[in-house]
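Think of it as A, B, C, D, E and F in the order they're written, each chain with its own count starting at 1.
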Amino acid sequence: MPIIEMKILEGRDQEVKDELIERVTQTVSETLQVSPESIRVLLYDIPLTHWGIAGKTVEKIRS
Amino acid sequence: MPIIEMKILEGRDQEVKDELIERVTQTVSETLQVSPESIRVLLYDIPLTHWGIAGKTVEKIRS
Amino acid sequence: MPIIEMKILEGRDQEVKDELIERVTQTVSETLQVSPESIRVLLYDIPLTHWGIAGKTVEKIRS
Amino acid sequence: MPIIEMKILEGRDQEVKDELIERVTQTVSETLQVSPESIRVLLYDIPLTHWGIAGKTVEKIRS
Amino acid sequence: MPIIEMKILEGRDQEVKDELIERVTQTVSETLQVSPESIRVLLYDIPLTHWGIAGKTVEKIRS
Amino acid sequence: MPIIEMKILEGRDQEVKDELIERVTQTVSETLQVSPESIRVLLYDIPLTHWGIAGKTVEKIRS
């Protein structure tokens, strides 16, 4: 039944996202002892311009 | 005052989304006995590549 | 597959919450033409002290 | 440590978003007396077609 | 119209939370040039046992 | 930088939650090749009465 939402910075390859969904689901399944079928994972790509740390966007921090 | 957020798979027509917002608002208004004006609904289209079930993206499941 | 999260003010009876979950699920199922089994609804009771409108908590507005 | 997520209507200039992230971070830092470095802000641009008020999308309300 | 959700660590006085809601609303109102009446703020107190940094709960980090 | 929010059904031991936070952080760190220090995990215990599947609360489904 667990619902997992992950906000990550945009720019990663879909292969990495596929692996992230697969491995996090497996980890949650093992730790909570629930079936993988009951687990939902939603991924959000957040633009560098929309993620702020210490008041600055990641885009500005990196430039 | 209710705030409702709905995550749905991308790909639906805007007409359907309009109807979804309208009908869910009406249902919540009737059930909670609050005015429709007080209700906010936010819709999120989630890409098939970002929604995982049982560790696989919906895109992979459907292909 | 839809995931619906509803933030409502605390203080409602569980019967009303049961009805809210049931009716919203039915509405979403009909509008999107997906099975009710694929729909998840999460309800959050927000304390009057933690919900702000126009900069004031609902608790202060009501008192 | 605070994590702040702000949903706003799409269409604003990045300069305004930069200022929003900067000023909200400063306000939270001062009010909670935590360092700005510990504060994360995520901004979401919500399309006018995906934000419902009183059962209608903002796009329809404005047209 | 902005909807702001803030997750903070549990344990703060309600007076501080009141001030947080008031000041963040004012900051958002000024920066986006929207009326305070259109702004919603939801606060969530997260238990020290439910907030993880670097894989450890804040409760463990602090003890 | 990733921010992970997990909604799980209430009733699990804190030891399991500790392990969940630790292992998910490790999995995300390895998969995305980011430092564990940059990862935040927030856990939410959702009451059986507030989690709906197919229009019914988990409490009703289990009883």
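Going forward, contacts are C-beta pairs under 8 Å (C-beta built on N, C-alpha and C of every residue); 3 or more make two chains touch, one makes a residue touch a chain.
In this text, all values refer to a predicted model and were calculated from it rather than measured experimentally.
Just one of A-F, A-D or B-E has an interface built like that of B-C, with over half of its contact pairs in common by residue number: A-F. Relative to chain F, the chain whose mean Cα position lies farthest away is D. Centre-to-centre, using mean CA coordinates, chain B is 22 Å away from chain F.
Remark: chain D and chain E have CA centroids separated by 13 Å (rounded to whole angstrom). Look at where the CA atoms of chain D average out and do the same for chain F: the two points lie 25 Å apart. Shared interface positions of chain F, i.e. residues touching 2 or more other chains, are given as 3, 7, 40, 42, 51, 53.
In terms of inter-chain touching, the protein chains here follow a pattern that is not a line, ring, star or complete graph. Interfaces, counted as pairs of touching chains, are A-B, A-C, A-D, A-F, B-C, B-D, B-E, C-E, C-F, D-E, D-F, E-F.
Against chain D, the residues of chain A that register as touching in their complex are 7, 46, 49-57, 60. Residue ranges of chain B in contact with chain D, taken from their complex: 14, 17-18, 21-22, 25-26, 29, 35-37, 39-45. Across the complex, chain B meets chain C through its residues 1-9, 12, 16, 19-20, 23-24, 27-28, 30-32, 51, 53, 58.
Those residues of chain E that touch chain B in the shared complex are 3, 40, 42.
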